[in-house]
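Read from first to last, the chains carry the letters A, B and C; within each, the first residue is number 1.
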């Protein structure tokens, strides 16, 4: 089969509309909100703070801990029972690894920085949206970071390499989903996963598409952080 | 050719390129990568001659030796008290650093300082593991009685205090309150009436929100002028 | 403590349809407290003792995202109480006509699950959560159902059978003073609280008392009166 026109009419290298905000959860030390198409993620950062349980403390530097969760009514089918699942635990771990290369917690031995990610609405690309929101939240929280992390899913449907798969494309029988996260300046990859079958050349192309998307996402993340401080005084 | 890529006092994000070329020097909150100077966190970039540094806009307090802080007693220890510091690291106040009074061995430490009491203390040592030692012996250091306590972003404390204490003095004059500002973002306020304390609280929160904008001193003065009639009425 | 009158609410906003995949949803802000509620529906076998009725369930998630005081893990007493207060207000007033939710007696009936998740806890979760649950139910529509399978992607225009609009208001007592809508700094030190759900006709449909101090009958009646007065304002926002 040939995938000639995308289900929602986008170009193959076109992202869905993106929006972002910083400082949306006032009780958190830092927070971010990131929406791409119909996938929406909130992220809140608490810390550096005392870490429990104590045996998980690291005496050399602070620990980054991510918690990813989808709200029970967020996905397109039945209700999802609240609570951690194997999938959400896995996504929590890879999110943590995607963010760790930029975060510098050397001044915070034995402490923890907790990042909570919640999605009220999902349409594929959830771990990527979560990472983008988390990046904004960590920066907003004043955590020492060498760079921002941008994340998007690239992939292939039938014979076309494309960017930012929505749910229909992701669940297509000939769909291959490749979530990627990159450090903005160096474009080094901190998250790379893949479901499906793909030739190496196709993978290279997909990563190239992701690199370009990274710059676009960075601009939105940057603007979200800067506009928080541009509000007029009351 | 060296070039600065951002404006002075602009908000910059982690990894943002601040300057290119070897003529500039990275300082607090910035680092050099090759020939570029980048931001190491979210902050306000300040360019002082050739030195580029960041004023952080957010972030939890990190205890530093020499800082004077305010915190609540959270636990009574064998020979001292554990004090919350509004950071990831609680501090320990030893009996011998608490008071010049002689405290007999085995005495009930709660008689001196109880859980929930707020104290103004000075950090004299922070170990590599961020264990914090504090003392209550020194000018102005003491157990705080009465009043109310609020928590602000520790990064805004310099603006709340002002140059040589000018900002906090202005608030004290207008509201007639005692105000103590801890470097850790905890502020203690005591006034003759709740309305005066409220005005001090509102003013400090306003400074916290607008610390990064210009003309702050004038705006705060105007705010205090505007509201001082309010408290006069209540006082009468 | 923030300059409001004791019976004054912070600004309240309700936004509906905020989660496209849910059958109904609403986001409620009271001051800086923010919660989001979603309705999901399923077809199940009715309970044996009510074979001609559908059912409903209310669940509250206190996300650690929304406050440094919440931890991950199974629901604790606070979240269970919040869920049950909200549930009671809707169920006992027969707001949802569960008889109309029956498809085939003894075999199939609709089950409505309302999940309310906290986004930011700046105090008074009691009222924010109840309001969000009501707004989400009011916003909800049945998903397409062909008798065998539910097609969640297609929404019908048919709303849930709602006959009443209970509004829940929690009155807090501090010594001799009554207070509404405390911020999170205020809402820990109260002596007693009374959550009162009121209907359009002025009748009360549910009560829940909390707090460590006992209150007199007169206190309770005063608190109920205060709640009834204010409920009309909040109901207008629905």
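Assume a residue touches a chain if its C-beta (ideal position, glycine included) is under 8 Å from a C-beta of that chain, and two chains touch if they have at least 3 such contacts.
Not measured: the values here are computed from a predicted model.
A.B. asks: What is the chain whose Cα centre is as far as it gets from that of chain C?
C.D. replies: It is B whose centre lies farthest from that of chain C.
A.B. asks: Please identify the chain lying most centrally, where each chain is represented by the average of its Cα atoms.
C.D. replies: Nearest to the common C-alpha centre lies chain A.
A.B. asks: Could you give the separation in Å between the centres of chain A and chain C, each centre being the mean of its C-alpha atoms?
C.D. replies: 31
A.B. asks: Just how far, in Å, is the C-alpha centre of chain C from the one of chain B?
C.D. replies: Chain B and chain C have C-alpha centres separated by 40 Å.
A.B. asks: Spell out, as numbers or ranges, the residues of chain A touching 2 or more other chains.
C.D. replies: Each of 49 in chain A touches at least two other chains.
A.B. asks: Under the touch definition given earlier, write down the residues of chain A that touch chain B in their complex.
C.D. replies: On the chain A side, the touching residues are 29-30, 47-51, 59, 62, 102, 104, 107-112, 139-148, 183-185, 221-222, 225-226, 229-230, 233-234.
A.B. asks: Okay, in this complex, where on chain A does chain C touch?
C.D. replies: My answer: residues 24-28, 38, 42-44, 46, 49, 67, 69, 71-79, 82-84, 114, 116-118, 120-123.
A.B. asks: State the interface residues of chain B toward chain A in the complex, per the touch definition above.
C.D. replies: My answer: residues 11, 13-17, 31, 33, 38, 40-43, 56-60, 62, 87-90, 128-130, 155, 206, 209-210, 212-213, 219.
A.B. asks: Report the residues of chain C in contact with chain A in the complex, numbered from low to high.
C.D. replies: 18-23, 25, 32, 34, 36, 38-40, 42, 59, 61, 63-68, 72, 74, 113, 115, 117, 119-122, 152-153, 184
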